[in-house]
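As written, the chain order gives the labels A, B, C, D, E and F, with residue 1 at the start of each chain.
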């Protein structure tokens, strides 16, 4: 199985509800370093998994509404805790939609799976990985 | 599949038996950077895989008897080579026991697997990964 | 000249005033990785620049009021932009006060200078460095 | 499942054919940081997955013909794009041959799989992973 | 003294003349990760050393003619070895010209010095630092 | 001022005397990642600060007697605490001797200073820097 990973980052604020979060129940923030892996059984005719430039652009598109924002104020995240694991799935869903639609430079059927990893600090990170089909 | 990873470190001394280890048969040491990944199919009601603070604390508890020690002198490691791979399994076993017992902030049955990765230097690392059930 | 560096991190929210900040005028956040270097011409009788455990503790004390907070709401930061450079100086001031007072395990006169470096992401960081006397 | 990872690097030049590569159609270059993971279900009698020193040596042997070269000029890469994904598979093939032959300090049958990861920059990397048998 | 650092990267090919370079006399390449530090005694009225977005843009402008190129073919580098140290000075010169001209969001006189650091691999890097006035 | 940095690593055991060291009074160990910076005002005729291959070799020579050893057992370290700061000075002294002797590919007089940085973990490091003349 081949994989290609690209990376980008956003700076967000948010707060969590639930005593389990302790001091993170207050509004705080994070630099999120997002890494996306695209998996495929075979390389395409150019010798690549996906068009990296296209993948970068799509990732940036998905991250743009989050960057420099307080996620507590975004309608789409109303009533959810925007934990790092939750955001990994959020980015996965956006990318999966684009990948299945074949917008990454090859037939979406040829992409096997995606994994989104988000580091919230050098010491802690979360990920979501799933097959595309 | 979701995953959350937390990290900690210890500074240990040890020596190895067997010609395959070359100069590492002498007493030497290592800074071990340990990263533990917890895997779950679903997030809990708070939007998390496990309570990260609890996970950190449990990891620290398991590492405490190793930190600043010469592992050759610990009774539990008598007659074994405390290689990085071996120690990854050792940390896995401790965490698995706690995770199965539900001490990480959710029913242990909901945790799918664990992976323990130990970097002994920027250039070399080992890991152990297994399902919990 | 000798130096010893220790590191810690905080997760904060804040916003900036001034068009130069573009989208960062909205409430957003950052994981700040703080690294503090203590400089001395000579090692003490134990062969160290400062007591690292004491240095870590003092750094943590200075960072605690910032961690998991929206800096816009802290009285001490009223009417200032809490940029990474500004925060580097803020941490410097706290550490310099403690270091001059001799609370880092040796006579403060023997410490020459401090440097505080704050990475706000893998791609951007700021620092403040000055002599202590 | 256990894994052990070792790392090495090469500095290469190359160019790509195909409009999808944009400016990378010109001769350019990369520092490639290669990380190889060896997977096994059980440790051997010494408590290791493979002899790390032997693994390093074999990796270096496989990389030597690439280091400080323009890959466009190597006969074995004639008419292919030496993308990072392609090179991950190339290194995999060389290591798999050696591993199956039992030259890594244990019976090759006991090694389950290999994964080769190549970072071409801090922001982009590719990998190839497959079972050995 | 305050400093702010921003980072970017390029992928280049080149070759060196001189036996001291050994195998690097052949055409090879490198991923160069460039980090630029801007030094100032005081923050400006916004609490910053320079406008980071402007600094990033200027850095990108200076690097663009190098990215995805074989430096041996660029007229401006005719008859020189484009070593990492040489390139650090090259980037310094471009940035110093812009900084002195006041194009980084504050009067150039208020900037004290620049340092350009270029990592050619995780194991080797070069830098050039000098006062601006 | 130009600088070139090269890096290497060793795995050592040792123990410290003095209550200030707390649990580190027991025999423990560390992976030490050593980075050496060579400073010069001018590049030589090849466009370099020093011959990097020669610098690497000299660094390796100096580190060899420490690697895979318990430093408590080395005669030259009898009655001293081999702290990270102390070891930085030890490596500096060895390199300075070689550099002043002109064994790094250029007249030693042309080298201005050396800085040795030793990271004992991702969170803590020490350095020693001094002029050569």
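To be clear about the criterion, a residue touches a chain if its C-beta (ideal position, glycine included) is under 8 Å from a C-beta of that chain, and two chains touch if they have at least 3 such contacts.
Only a predicted model underlies this, so the values are computations on that prediction, with no experimental measurement involved.
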item	value
Neighbouring chains common to chain D and chain F, by label	B, E
Contacts common to chain E and chain F (chain labels)	C
Numbering shared by both copies at the chain D-chain B contact, with half separating same from different	different
Counterpart interface for E-F, drawn from B-F, B-D or A-C and sharing over half of its contact pairs	B-D
Turn needed to bring chain A onto chain C - CA fit, degrees, nearest 5	180
Centroid spacing, where centroids are CA-atom means, of chain C and chain E in whole angstrom	27
Centre-to-centre distance between chain C and chain B (centres being mean Cα positions), rounded to whole Å	31
Centroid spacing, where centroids are CA-atom means, of chain A and chain F in whole angstrom	41
Multi-chain contact residues (two or more partners), chain D	122-123
Topology of the chain contact graph, where touching chains are joined (line, ring, star, complete, other)	other
Touching pairs - complete list by chain label	A-B, A-C, A-D, B-D, B-F, C-E, C-F, D-E, E-F
Chain D residues within the chain E interface of the complex	9, 11-14, 23-24, 26-31, 33, 67-70, 73, 120-123
Parts of chain C lying in touch with chain E, wherever the complex brings them together	16-18, 20-22, 80-86, 88-89, 122-130
Touching residues on chain A, where the partner in the complex is chain D	1-7, 43, 46-49, 51-53, 105
